[in-house]
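Some structures are shown below for you to check.
One chain, subunit A, links the two complexes that follow: it is found with subunit B in the first and with subunit C in the second.
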Partner chain A sequence: MVYYISFILIGIGIYGILTQKNLFKFLVSLTIIDTAINIFIISLGYIEGKDVPIYSKYTPVANFVDPLPQALVLTAIVIGVGTLALGASLLVRVYEKYETLEVEEIAVKEARK
Partner chain B sequence: MTALLIAIPLLTAFLFVPFKEKAKFILPIIVLINIVLLFNLSINSVEAMGGWKAPFGIVLVLDSASFYTLLVVNIIFLIISLIPQITENGFSILLLILLASTNGLILTGDIFNSFVFLEITAAAAYIIASLKKNYYGAYKYLIVGSIAGGFYLLGAIYSYVGTGSLNFADISLNLNSSFLPFVSLMLFIGLAVETKILPLAGWVPDVYASGSPLTPAILGTGVTFTMMYLLGRIFITIFNGYFLDVLYIFGLLTLILAEIAAFRQEKLLKALAFSSIAQAGLVLSTISLNTYDAIKAGYFHLLNDATAKIILFVIAATVVGNFMKNKTAGISFSIASFSLIGFPIFAGFRSKLLILQSSFEKGDYLLPTVLLFSTIIEAAYLLKWNVRLWHNENEETKQIPWNIVLITLILALLIIFIGIFPDLYLKVSENITDGLMNYKAYVTTVLGGM
Partner chain C sequence: MRRVFALLISLGLILFFVNSLSILPEYGNVELSKVSNAYINKSVNGNNEKVKFGESKDLEDGAANVVTSIVVDYRSFDTLGEVTVLFTSALGVGLILHGFKRKTYGRLPNFILRVSVGILLPLILLFGVYVFVHGHLTPGGGFPGGTIIAAGILLLYLSNEEFDLSKTSKFVESYAGSLYIVVGLVGLAIGGVFLINFLPTGVVGDLFSAGIVPIVYILIGFKVGAELSGVIADLYREG
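This part shows the complex of A and B:
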């Protein structure tokens, strides 16, 4: 079942954010969570044996999967990419400022300031 | 017409990308245009985007609650735009985007649309949080905020599965009751980060205490007010009071833990950031009592808190050294902190009294106990900071610009005025409460006479 895959992926992402010590791995975990949610939304609209939701002369009867989750996922993907780019650019700045991405080393440098 | 409130700031923001320096001057004009436009719109109007009617398309709803929230948020943006010194070059464009997305968040009647605006608000907030080279704090905010956004999306999708619709009014009518616990939990996790409820508010001290006056002055007032409105809209109007007892507990815990944390801080800005979390918790638990008087008192206190917090954050971040050379700014700071504690004749006294009254009327004694106890802690640390700032031997004091002094003084006088004649703020919060509690009217306005 696709549901299980997406919930396992969400679990992996949350595990990564809770246990990792590297800032870049946070971003990776975040992306995994985003992807998992997108897979979940797509799988909600899927109906076994139905067609792609496009009207044409080959599909006179509207025997479609639910198109709305797909439209939502498009928007969610765009937002996710935007957040990812913003996070990556912030990471570049963090690296320029502290010259490391490890949480503990940054904490030491912050405390020394 | 309603859509112009979102379109004008967004369009201006993108038009002014090549002229970053000039955006400073256009910001107050745009906010003024927005406020004038707002007064020309008729209340209880629904605008269907692209002509798709209510349950199918996205609608923008202007009822009395969203009208007065828009008014408050736009006036906060106007105040911020009148202090251009605190806005660094290029950040006026971000303020324009933030204005567009908060306006959209208040107006929208569609749960997926509210997710989109929530993410735009959050993205603008992450960049504003990175002012003064505070990239690490902004990055932490980004991680927490994006995960919360994901949970909000899950909640929105589950409500779609439970009703077959994304429209707020349709969800409140038709949501399958077996979906309610999960949907409300997910939406609460999503909103708790932005409304600063404690287990998820760990980013607040890092972001607010970056040393930039703009970050806390806009995120702690305008954005918090918007999020509190959205929380009220979702949990009071749509879910009709369901799940509010859980929010009550979280609000109380936030109030007391954040006050204790604020007491222990060594830096003024961090103490104020924790005090901001605590006030959010107080407002949340007051709102979740779910009676007319309680919600009115909650939003009244939120207004008072926003007024005081603009003064406190702007002055605390701009004044270096003591208040003896900046007496006027010092007096405004003291007035704002007394209002936050709740001394009589200041505005905070009125709202805390109303909160106590409404919770006693509900027969609830836990909230008054916690509120009075936390007020003692609050008084202790705010008085400590006042004494320290008036009487230290720091010689490096520099003059602060006249417009900051003037605007904070006007706000401080407003606090005293509200403390004596509270009708102005009470009218605003009564109207917000009317719009939020009258859920039948909301549903009929959006879906037409059903």
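This part shows the complex of A and C:
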């Protein structure tokens, strides 16, 4: 079941956020949670035996899955890309200043100043 | 110890979610809500006729792709906000990474890369344009199409050290964004509602149908392509 996949992915993301000490892995964990929530919202709209919500010559009349979650997830994906780019650029700055992304090494370098 | 606690917390969270499954609809057996049905039958204003591909015409929204009709027509104001979020994050990336030099390797890029870019780039750009021009008929639209174009621009950045697009991308981005708002204001002047679909919607499934939906999606395609190319250009700097 797709619900379980998204729950497990959320669990993996939370575990990553709590344990990883590398800032890049932290960002990856956040992205995993983002993707998991997208999968969950999409799966809320799935109806068995129905088609993609597009009128075409193969599906001339409406026999569609729920299009509303898909539209919402389209928004969420774009905003996810924006936050990921912003986070990655912050990491570039952090790496430029400390020459490492490990939180503990950054703390040591901060304390030495 | 820390890992054990983290494992316990995430397992507890998964358990909490699994317990809440009973209040969720069963997977694959969901009822379409009233709102979704109105969007699918294109009858938000209450004209209850079934839509048929290639025959129904002059509906309140003519896009064959229902998701596109929601994103760019019924909830177009949301999409304007979404494009603004993307613009803000691109601006933020530009501000944070300001002042770096362009990354150079001091030698020509690989021969295979240089030659294959010449072959692949026109195809990639053409495919991107196809995806966002047909956004109201097929899967895709302005956001994926813009991303495909940005991928082509990334190839150009990798293969040519002198290549710089930052001025062009800022120009395209600002004009596409302004034109989106102009389309909305024209709707306000003609129909009395911001971003209303004021053009004739035509037959469902034609390329020239759906009123302002293709126009807005083409503008979004240009805007997203320019923004993501700008992000790529900003990130491709000397660390």
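Quick notes on this structure:
As a convention for this text, the second predicted complex is superposed on the first by the 107 of 113 C-alpha atoms of A that agree within 3 Å, B and C clash if a C-alpha of one lies under 4 Å from a C-alpha of the other, contacts with A are read in each partner's own complex, and residues count from 1 in each chain.
What we mean here is this: a residue touches a chain if its C-beta (ideal position, glycine included) is under 8 Å from a C-beta of that chain, and two chains touch if they have at least 3 such contacts.
Because the structure is a prediction, the values reported are computed rather than measured.
By the document's definition of touching, both partners, subunit B and subunit C, reach A:Leu68. In the superposition on chain A, contact is made by A:Tyr4 with subunit C only, not with subunit B. In the superposed model, A:Phe26 makes contact with subunit B only, not with subunit C. In the superposition on chain A, A:Pro60 contacts subunit C only, with no contact to subunit B.
In the superposition on chain A, contact of A:Val81 is made with subunit C only, not with subunit B.
In the superposition on chain A, A:Ile47 makes contact with subunit C only, not with subunit B. Of the two partner chains placed by superposition, only subunit B is touched by A:Val94; subunit C is not. Residue contacts after overlaying the shared chain place A:Thr35 against neither subunit B nor subunit C. Greater residue coverage of subunit A by touch, when subunit B is weighed against subunit C, goes to C.
Once both structures are placed on chain A, subunit A residues 14, 44, 68, 75, 79, 82-83, 86, 90, 93 are touched by subunit B and, in the other complex, by subunit C. Subunit B meets subunit A in the complex at residues 112, 116, 119, 123, 126-127, 130, 133, 135-136, 138-139, 142-143, 146-147, 149-150, 153-154, 157, 160-161. Considering their complex, residues 2-3, 5-7, 9-11, 13-14, 17-18, 21, 24-25, 27-30, 32-33, 35-36, 39-41, 50-54, 64-67, 70-71, 75, 78-79, 82, 85-86, 88-90, 92-93, 96-97, 137-139, 143, 204-205, 224, 228, 231, 234-235, 237, 239 of subunit C touch subunit A.
Within the complex, the subunit A residues that touch subunit C are 1-4, 7-8, 10-12, 14-15, 18-19, 43-48, 52-57, 59-62, 64, 66-68, 70-71, 74-75, 77-79, 81-83, 85-86, 88-90, 92-93, 95-96. Interface of subunit A with subunit B (complex): residues 14, 17, 23, 26-27, 30, 33-34, 37, 40-41, 44, 68-69, 72, 75-76, 79, 82-83, 86-87, 90-91, 93-94, 97-98, 106, 110.
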